[in-house]
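Okay, handing you the structure first.
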């Protein structure tokens, strides 16, 4: 397994008005690694995802994709470089069909297909996430879980090197959760690098190679899931002082 | 100095044009393209009072202001609220209200043609010079400036020091949240729209003392008002006042120092620059 | 091309051929009505190419249109008319590009108001240039171009607009615009350069509006700024397109035709209350046909389909 | 019937009705002579048309019909019926309305539209259907070219060059008499009319020995003209000339009064001759020069002004109003002489001499070459003080303060 760095976050900060949402955060993600980004609500995890995907620009610090600096690039360039993501609040394109939603991922970005080829490719992604039955359905008919699957298929359609999943497993029932976990590990088998923002501890334990724990915008721990979840600081952040 | 005073006088004129729309757009979220017609209607009222009743045009406030208030109340209640209900989001409401009020503007022009006829209406009232720092200025413009200051001051006080004003501002900032704290949003919107209409009509009375108008001229005022409201930042009375002053000063400066032929071009250019560098307007809040 | 597409292209071609014969059949008033319809069809369709998918309401049509008319008026005595048409299109496109670069990041109502102001700005600059630099005395466009020829030119433009529209819908660009219209954040995250895509379409619609202005200039004989840059034109284009429906290529057409006819009937029947009745008719349209004629037609088809299934 | 089907029915009925009415038009050619009129009732030029254009049509039709109609060659009398359209100051609409009148309403005659631009836009259509177009409110220097191109167009109000020439003439005369200096401040509205006049005037003024000390334009719709007037005043001119349009004619005058721009010669162009100008400014307009003018002392003119007031309830203006009325008289007299054959009427207008409120009119090269160019308010009346060959001009006076 390659040990080279896929993504390097160096001293990044993000400020919203008076609020410091991300405070001098640094971590690195190795190639083909699954990194869990965890922490209590409001600790700045989603902001970090947004900074990586280019939705937000950091006020300080830099982010590198391999050796290429991406923190000053717009989202579309970062997407073309091979970073794809899902959103915490699912963003489905409502006036497109399910298949078109997935095709959208494979046309303009890292993968640039068109015509018949893109259709075939998108169909495969849909089947993969278990949505092969609803190809031409209007998006209005989808359940929340189905929407999440379609969104993942769209992210996969760009054949990403780095996949950002923002609480993608949240809200699944135990059976679905297992399917989801299997799906993510199969993605990793393909050699993709994955960053997860997640609250589901089972998923974190079974999927992540390492975890970065955030609180109030800063990194408070980093290491394997076992190490970090046992860390006193982390427990205090999650549960308060009396449990630490 | 001349430029400064002329610019301020012109700016005050502009704020009279724009103040009503600020309320209507800022609080009720209606981009009212029929705003200029309301102004012209107010001016007609003043003209009528002056020419047929031989009274000061300002006495027409007595019936123009309540008339415009009631009329705009009814318009919002019966024509615009259905659109507000129908709209799924703010964008849709904006499109719908632009279309609907455009139709209303046409209808108003038609009604005014029927009622007042198509000629120019202009009269002389207070068009004598007063000296300010040794230079002559039209008394009617100075009066307009004073009225404008008074009106803006009243509005500002009303919005900041009364309960209703607070509610109005809350609706302007966030209608959904305002609803949550038990503010009757539809009622406040209706009130703001009606008040805006009345303010515009009163502005028309004042402007009629020095501008020549006719039934079809409303669109000119609407355009100016739109620019000022957007420039100042939506729903912010202070912003609208500052934007009016800036426009007035800029136009006067360009006319006096560069070339009068470029005044309007300069105004639009300024507007463009503001939009480019502060798209939310001078005093607007950045939308997250 | 699928078979269905081949059929529709053939049908459009036949329809255009039949329409091209129109000037031999009708004349005078009906022809000028047809010219009006053709003009608004080109303007509204090219407008909808941009505004339909992006939801940007542009009121700048009059700016491009007036510019096109002025290009012709300024050059008609020295440059061949055909060249002028091209120049007018380029002028419209270039201004659209400049404006687009500056303003397409504005959203919603800011863009609307800006484009409305733009028509005024262009008009002010054009008249100032005319007044101070070129010094031409009145802008006359005295040519031998007849209404028939204008109709044919417009028809050709309509064919071009439909062709381009069709190509765009099938292309990555068209797909990109649909995504942008749905969600710009997603668009950016799948790698779409939304500014460039929007700009491309804005330039296309500006080019068409400029060319239409140039085509119509000979009809006006005498070009005045207040007439060439009339804001009413921009509004009418928007209204007709929205009335028809902007999500189908043929949507604006089904808005333009009934609207023009309704307008004519009102203008003809009630010459003294035209404006009042136009306003009322317009309000009725906004309140009763909110999704445009296309929306009505499509929901009717859906309804029919459902009743067939159940029946 | 539920709401949706009701709505559909309404829409269907509207469109069916629209098509039907388009197709049928009004084809019955009855006894009255049917005359079409297209001009702005709304839009930027509507207010001007409401002063100069529409009231004269009303007056003329009223007078003709009151007498029982036009007296035809065969001794019968035919009334006139006016069919009006509003072109909303939009040349596309003007063209369409003229065509509608010609091919759908099949009217016997069509009155010329209002204003230079709209008249020229409609000229090809008038020519195409052979309708005489006797313009009363268009001023152009291209008369020669236009009349050659359109054999049935007639011009009556004058040319821009003549207008500029006469203003120069008056200023030079006042200068030579030692009443004013030779420094002129000139401003113009940046619209086709103002630009054209300013362009014409510059060389003419210069050749006449006048020095233009201030020369600026301002956009149509400027709400504050004080910088212009201040600038003009600062140049310390002996005469002030504004090639202005109605709203700014009022604005410039008001501002000049306020700023104390007290030139001995003060000229504003369009709308100076409007009664509302006098009504607005009262006695202080005495001595103001403007475009147009009339000789109001002729019996015909006195009768015209009285009738205008009586029938329409409004005062006629002192420039284009009587000219407009005269064009209607020309049309009426031509119809009385040769009937409703449009070719014959056009030929008759080209050759005959007409008795009009403006005095005898004889067209040469389809134009009237004798017209008033400059008028001046003198004791509550706007007298013609300069013309191209008309008699009855009042001597021009210098203005003494506001």
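So that you can tell them apart, the chains are marked A, B, C and D in the order they are listed, and the count of residues begins at 1 in each.
Operating definition for what follows: a contact is a pair of C-beta atoms (placed from the backbone, for glycine too) under 8 Å apart; a residue touches a chain by one contact, two chains touch by 3 or more.
Note that the coordinates shown come from a computational prediction; the quantities given were computed from them, not determined experimentally.
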| item | value |
| --- | --- |
| Most widely separated chain from subunit C, with each centre as the mean of CA atoms | A |
| Contact-richer chain pair [B-C vs C-D] | C-D |
| For subunit B paired with subunit C, centre-to-centre distance based on mean C-alpha positions, whole Å | 31 |
| Approximate Å spacing (C-alpha centroids) for the pair subunit B, subunit D | 34 |
| Gap in Å, rounded to a whole number, between the CA centres of subunit B and subunit A | 49 |
| Residues within subunit D bordering two or more other chains | 41-44, 190, 217, 219 |
| Multi-partner residues of subunit C (each touching 2 or more other chains) | 124, 127-128, 131-132, 274-275 |
| Touching two or more other chains - residues of subunit B | 109-110, 113, 259, 261, 264-265 |
| Pairwise chain contacts under the document criterion | A-C, B-C, B-D, C-D |
| Of subunit C, residues touching subunit B in the complex | 55, 57, 102-103, 105-110, 112-114, 116-118, 120-121, 124-125, 127-128, 131-132, 231, 235, 238-239, 242, 273-280, 282-283, 285-287, 290 |
| Touching residues on subunit A, where the partner in the complex is subunit C | 53-55, 74-76, 79-80, 84-85, 87, 91, 93-96, 100, 103-105, 107-110, 114, 154, 158 |
| Complex contacts: residues of subunit D adjacent to subunit B | 41-44, 46-47, 49-51, 54, 187, 190, 216-219, 221-224, 226-228, 230-231, 246-247, 250-251, 254-255, 257-260, 271, 274, 276, 279-282, 314 |
| For the subunit D and subunit C complex, residues of the former touching the latter | 7, 11, 14-15, 17-19, 21-22, 41-44, 83-86, 88-93, 95-97, 99-100, 102-104, 116-117, 120-121, 123-124, 129, 140-142, 145-146, 149, 160, 188, 190-193, 195-196, 198-200, 217, 219-220 |
| Complex contacts: residues of subunit B adjacent to subunit D | 2-3, 6, 9-10, 13, 109-110, 113, 117-124, 127-129, 136-138, 210-217, 220, 224, 248, 251-252, 255-256, 259-261, 263-265 |
